[in-house]
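First the structure, in the form of structure tokens, and then the observations on it.
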Amino acid sequence: MEILILVTGGTFDKEYNELTGELFFKDTHVREMLSLGRNLVPTVIQTLMMKDSLHMTDEDRQLIAEHCKKVKQDHIIITHGTDTMVETAVYLSKQVSEKTIVLTGAMIPYKFGSSDGLFNLGSAMALVQTLKEGIYIAMNGRYFHPANVRKNKEDGVFEELV
Amino acid sequence: MEILILVTGGTFDKEYNELTGELFFKDTHVREMLSLGRNLVPTVIQTLMMKDSLHMTDEDRQLIAEHCKKVKQDHIIITHGTDTMVETAVYLSKQVSEKTIVLTGAMIPYKFGSSDGLFNLGSAMALVQTLKEGIYIAMNGRYFHPANVRKNKEDGVFEELV
Amino acid sequence: MEILILVTGGTFDKEYNELTGELFFKDTHVREMLSLGRNLVPTVIQTLMMKDSLHMTDEDRQLIAEHCKKVKQDHIIITHGTDTMVETAVYLSKQVSEKTIVLTGAMIPYKFGSSDGLFNLGSAMALVQTLKEGIYIAMNGRYFHPANVRKNKEDGVFEELV
Amino acid sequence: MEILILVTGGTFDKEYNELTGELFFKDTHVREMLSLGRNLVPTVIQTLMMKDSLHMTDEDRQLIAEHCKKVKQDHIIITHGTDTMVETAVYLSKQVSEKTIVLTGAMIPYKFGSSDGLFNLGSAMALVQTLKEGIYIAMNGRYFHPANVRKNKEDGVFEELV
């Protein structure tokens, strides 16, 4: 089983620009994180875009959906900003079938020491190998179905609707 | 579903004693790691022992097996040193049934910055929720059955026998 | 010799707000940093303000100057944003005499793992004990006189004018 | 002013061998630490030996002393294990004159996240530029003369004799 990791941006990959004092995207840290986790599952990493998920449009979502459909891998992890992760998961669930797709992200950038990113990536890597076909969100040690999850923006956590 | 995390020691929880320059066990870091990972799966943490797994005896393994059988939780993560993790998994697979038990650990102590521990814990947390009854080892982003895994001590990785 | 550390904000103490994705000030990390450095020099920490130095006004600088003059300590470290650190140092050099004052800061927040803050604080702590009366800037392993330093904003480093 | 950093080993540079579970020396981290601290003082790094200071002999100390005498730099930082740092400082103070030499080290390895090494290196870098000729120890935010310091091994700190 070969895993595809599609990078789309999000807090996960944000860095601190020491010249401007702002957060920005440079490269993804997914390779470094897999190496830290001593991951030995065959994995391909592709960066599709580097976007704050608040700026993600339906054109972006369509691009992600088409990419998921056309690639040879049936097991896909998508790294994604948390703010619209649910929207993208719902979008994909209407377009992509016969694949196991797990969206994950982080509340704190990987580079900032206290990130949840590595835990979430470990979780997503396990889920993409064990869950049956479908679209899932992996956050807070849990996994969710797109139709039954929301991001509670006050607490910064994902929770089931019912 | 409530998860029990049984702490038995291992590299995972080793710390540096700055007075003696030696590695030692103080308390487990599992709670801190779950907090970092923003885990929201209901979880109980119990420290059963704090042992380097090279020093783990069959009495210790029996204690772990009995504890797994008697607790109310059916989904158990065991943190364990990597050197004899396979032996303990095999031991448990002969004694405990009707529970999903995932053993995990780390090659580098959690406190040492470059640890694989958080990735492995995220992975184990996902596996214990998705795998059916049985005993498993979660390392290197993968999961293994006790009868078909060994630690390759030259490379420091877990691999299938066949 | 008792050292006073006056906290005024700056990159040094910025944190990541995981709910808004923005950088903000909460509390100073100076105490934690001194503890990490196992500092045993008697030290008092006072937070005077928590400002991005781009927003620092002459009223703020006057407040800092007056505070430096009125406190009993003759050896003072000021943590300060780098963007206007030179302006504040020049301001202080016109107002405060008979004290050794060292301004320092960081290019990367202390909490972000790859910060220069701990190195700079170690440097400032040594300089405030060894330099004679005057106002100094401690950055990049060096110390500068206010009249002969500028922040090179393209490279993010401090350099002498001549 | 060009600074020479003489590396002799010590806790500072210890790493965790994930295959054996033991601490060992690989390469010095001084270059990486100076880079993290954005040091811009012209600095040359030389590794003279990689020893736990408990294993350091008078032959080793003689080698260090001769090296300090023959190099062109007059400002030298020596990274050294803390256990016999005082002995080496006393040894050097009898052999080397007309140079400013600052010995420093760490209680926790640099690679272990919670190290005092970066603070101490920042401190040593400042002291070597500001103290007059002589041999000094820089630890705990302070500096000491070799004849008036001991390592308190119970508390893990350096303190004056009188």
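Order of writing sets the chain letters: A, B, C and D. Residues in each chain are counted from 1.
By our rule, a contact is a pair of C-beta atoms (placed from the backbone, for glycine too) under 8 Å apart; a residue touches a chain by one contact, two chains touch by 3 or more.
This is a predicted model, so every value here is computed, not measured.
Listed by label, the chains touching chain B and chain D alike form an empty list.
When you average the Cα atoms of each chain and compare centres, the chain farthest from chain B turns out to be C.
As a whole-number value, the distance joining the C-alpha centres of chain A and chain C reads 39 Å.
Between the CA-based centres of chain A and chain B the separation comes to 26 Å, rounded to the whole angstrom. One finds 45 Å separating the Cα centroids of chain A and chain D. Within chain C, residues 107, 114, 156 each touch two or more of the remaining chains. Contact between chains, as defined at the top, is found for A-B, A-C, B-D, C-D.
Residue ranges of chain B in contact with chain A, taken from their complex: 33-34, 36-41, 43, 107, 114-116, 118-127, 129-131, 138-143, 156-159. By the touch criterion given at the top, residues 11, 16, 18-19, 21, 23, 52, 107-109, 111-114, 153-154, 156 of chain B touch chain D in their complex.
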